[in-house]
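Note that chain A is present in both complexes that follow, paired respectively with chain B and with chain C.
Moving on, here comes the complex of A and B:
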């Protein structure tokens, strides 16, 4: 047992109960269907802008690119144009590969000590696979949801729906009947991937050690979102047209609460609202942050061009020569060695005068 | 710094994407947020008062009913459906469902289009003789 994920799990359960009871017992459809979604959206937008603008003010004094290839130098040395880009075109390509296919994560290795003293690096691909499945599935699900926010539904969205429901899964038993409406692959992949990403944090001991409540909470929340969504589509079906009436009302600023929408729908919307409001203050901001990765988004031309620290200012210096000029006489008096003797006094004549005084 | 311009441009693109459903409904397709289409019942459907199951159940679960009907007719050759009130129905989309709901364009298609649902029922049951305009 670990307080960090128990607390996160409890938080999501409490959120579920809050929305369910709020709608079912207290009849707060307006709160959970209109007010909270709008507030959450505003929080998301302002928080997101604030975080990005805050990051944009960060100083980037040096090129701190990490490379995975040969830097461009002499013409007869082949340089790696994507993994060590010297042009902005190369940087764009590297960023696209990073954002869409998580190449840095693909390079993830696991260190192991084998046969006593041998250190070996293994390719650790499952996190990359899980993350890729999760993010792409989430994106597809999100994109498909445009059908609730547009009327008529654009052809692109219909196309994605058709591709997503390509496999006609039919599962008919006495308890659960799945088949119509068509099974969307993305929803199930999302559920499986988020489960994997959670179990990984539970069962891999060193990952568990570094996992915090802020890692578990979004996972539980996204699981809740995906689960309620899948539930509404395949099991505890809701009146889709009524649900769309609500969402269309939100998106055209003429909010309505249609009758006969199941509380599960409000739970789903509440979970999404919480995720949106929580987003700018959490690790989920890597959505915007990945574009600002300083090790990825800069050209590696540290040899070709001189990069001067942009906030270098003229420093007032006091050289040793100036110092000696200022304190020469005092230094001689104290018997300290000086680089240059005073110009006026002549040491040859001065010595006998001094000896006379002593006499 | 010169990066700031790029960051702000990226942020603007993100915001436009985020607001695209709002913009779509305000500028591109103004007035498209009409309420969900009303179900139009034929005289025969009105007279029958209730479908094979309650109206609430049918709005949400009619596809499951049809799927089960198809399964039981095609796989098990059982054509009679008995509902909770003991009333018997022949399991047939063309002959039972569309007998009352003979107005497919108004009864089925409008909601399906609204919710972007493209059921493959009509792949086979396309030339429905009972459909009336």
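Moving on, here comes the complex of A and C:
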């Protein structure tokens, strides 16, 4: 039994009850439909900006790029322009690959000891696949939701919707009807991916060992968001027009609580609000952090172009003069050139010819 | 050493974590894993705080009264100074991709050697000290206050990381554990917590110019001794130039190369190459006793100490009035030169943009720092046909190449050394792709962990590297492990003896020199190690003709 995920799960259950009971029993539609979403949104925006600004305030004293490919050196050696980018263009490409396609995670391998003596490192793409599916599905779902905040709905949103529901998934019986309206692939992928990421945390022993409550909580929360979303669309079949009236009210700053919106909708909105408000204070900030990661976002031409450290300060060094003062006699004896001759001790004979006076 | 487990025992490593959470598993500082504490004299020599005689096995570490405050302030200062540190403290999602990428985790199975957990040792304190929410949620959210046990845990695991950056290649956010270890060790140094194998070389280097404490006259003696050896083997007498003002180029290499086998053969290789170039092309290069260290153990204590030691290279180049600097085969030396030197101690506007005086090649990639890697230099020479090479003198070698961590992931020099190797020897075999280039495995002893007392850790950490060597040893009969790192040359022989007996270790320029025909040389019947060349009797006449 792991307290960390139990607590996280309980937290999400409590949040669910809070919203459900709040709306259904206490009639707090205004709180859950207007006040909390606004507060959450403001927290998200200000928090996000604050975190980025806070990071930006820290200096970047050195260019410590991770070089994962051949450097640019001699003209006849082909350099790796993406994994070891010597130009800004290369860095941009590297960052795009990293952010949109998780380039580094794609390298993932799994170490095994075979026959008790042979180490092997096999390609392990499931984490990459799961993470990519999760993030792209989430992004698609998010993008589709622009439908609720725009009027008329932009063509590009409709286009994404059409592509997303391209694969017909239908399961129609008298009791359960799946597939009407058209199933969005992204929603299902999101649920599957978030489930995979959770199960991974539970069943891969090392990952379980390192996981914190703050790793489980967003997974449960996002699962809750996706689940309530799916529920509303395919099962509870809420009044979409009323829901859109509410969301449009929010974006047009004329908030309104229409009649007949299901409590599930408020739960959904509440979960999203919690996620938004939680975002800037959590590891979810990796969304912003990846852009500032010093091992990825800088060029590798460190010997060709000087990087300036804003806080570089003079340090105490052991000068050549101090060094020679200590070893002068021995150097002279060994026939090594010296900058200064011994002051008062032995003159002339031990002096090599080339040495020259300094000061 | 006598307590060292056998390879068979070592291979029974268990990678499953214990059932108790990591915060509930107290640190065990153990012989064979831990390094001895720093000698107070060495700390005093460089003005480091809290010099005293102490032992990591003691209960009382004799810390200053306000150590928690010092640590907190130091932490805060570094968060402001290093965005890397700040961002890496915040954005890890604990996906676990890094876990089995660490050679120390692979070799020891100790979960705290998973890079993510090594970083969490610091993050847990960070959350407690610098995040309100973190503090409120406490242990549940992975936050904990700094205690003496936490400090001991830091010390233990920050000296079980070789700053190799392999994890940073696989991290989706580029989180670099080396950076975290560097900061952590800097913080520990504020309290006088260091290991002797690092701080004593630092003190030596500050005073004598090199880690080993070799004084100028002794340094000259050593080069003269190598000249004698070379004369015995080739019949050619060469005179290395030392501290020569007005030379064209200053050469800096790790002092390990003048000190112990097999690095010494690499050193002889440099000397023979320089002699060849001098005789044929009037190449004018000088060694220095003041800047007689390429490596920089200061890098393993603090950014400031790194800068203090590194300053000698530019200072000496300026004093001698050379045009640019050539650097020998070394790993972390090149990380420091490539990514830090110009920023710390530059701009080197008193030097010229490096141009090879022999081929006319402009080293555009080094035009600001003005320091060129010797395999860049030599591969350019070979490409232009400027060397007279007889690779058959390396025919007794079946060679594989170990990419050093720092030159790989902190520089990206992969093709140059391979090009040189393939031109000086005829039998070259790569280790499996997942163990070379940017995915290369550490020797297990990097970042100052090449001491004697932590042999168990070193052999465990070197397992992945050794295992890949074993693969090519068994498959292709590889008997020589080439590298471009002085620490590698110092530690890999032990590692090979332990895991893959029958494989020797060499620097690349030893093989260059074996192949290089010196003007006026005798017929050579041994390599630089004094071992007879293959089929020497049958080839006697041919070789004599060549000579």
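We take it that the second predicted complex is superposed on the first by the 307 of 359 C-alpha atoms of A that agree within 3 Å, B and C clash if a C-alpha of one lies under 4 Å from a C-alpha of the other, contacts with A are read in each partner's own complex, and residues count from 1 in each chain.
We adopt the following convention: a residue touches a chain if its C-beta (ideal position, glycine included) is under 8 Å from a C-beta of that chain, and two chains touch if they have at least 3 such contacts.
Just so it is clear, the model here is predicted, and its values are computed rather than measured.
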First (chain B), second (chain C), both or neither touched by A:317: second
Which of chain B and chain C A:215 touches, first, second, both or neither: second
Touching partner for A:89 - first (chain B), second (chain C), both, neither: neither
Which superposed partner A:292 touches (first chain B, second chain C, both, neither): both
Touched chain A residues, chain B compared with chain C: C
Touched partner set for A:60, first chain B, second chain C, both or neither: both
Chain C-contacting residues of chain A that also contact chain B: 55-56, 60, 292
Residue numbers on chain B that touch chain A, as the complex places them: 1, 3-4, 7-8, 10-11, 14-15, 18, 21-22, 24-26, 29, 32-37, 56, 59-61, 63-64, 66-68, 71, 111, 113-119
Chain A contact footprint on chain C (complex, rising order): 11-13, 15-17, 21-22, 47, 79-87, 90-97, 99-101, 106, 111, 114, 116-117, 120, 131, 133, 137, 140-142, 165, 168-176, 179, 206-209, 215-217, 220-221, 242-245, 289-290, 303-304, 307-308, 311-312, 315-316, 319, 337-340, 342-344, 346-347, 361, 363-369, 371, 376, 379-380, 383, 408-416, 419, 432, 434-435, 438-439, 463-464, 467-468, 471
Residues on chain A engaged by chain B in the complex (per definition of touch): 45, 48-49, 52-53, 55-56, 60, 146-147, 149-153, 157-158, 161-162, 170, 172, 177, 179-181, 237-242, 244-245, 248-249, 251-254, 256, 258, 260, 288, 291-292, 310
Residues of chain A defined as touching chain C within the complex: 3-4, 7, 51, 54-74, 76-80, 83-84, 86, 98, 102, 104-105, 107-111, 113, 116-119, 121, 127, 131, 204-215, 281, 283, 285-286, 289-290, 292-296, 300-309, 311-312, 315-320, 323-324, 326-327, 330-331, 333-337, 339, 354, 356
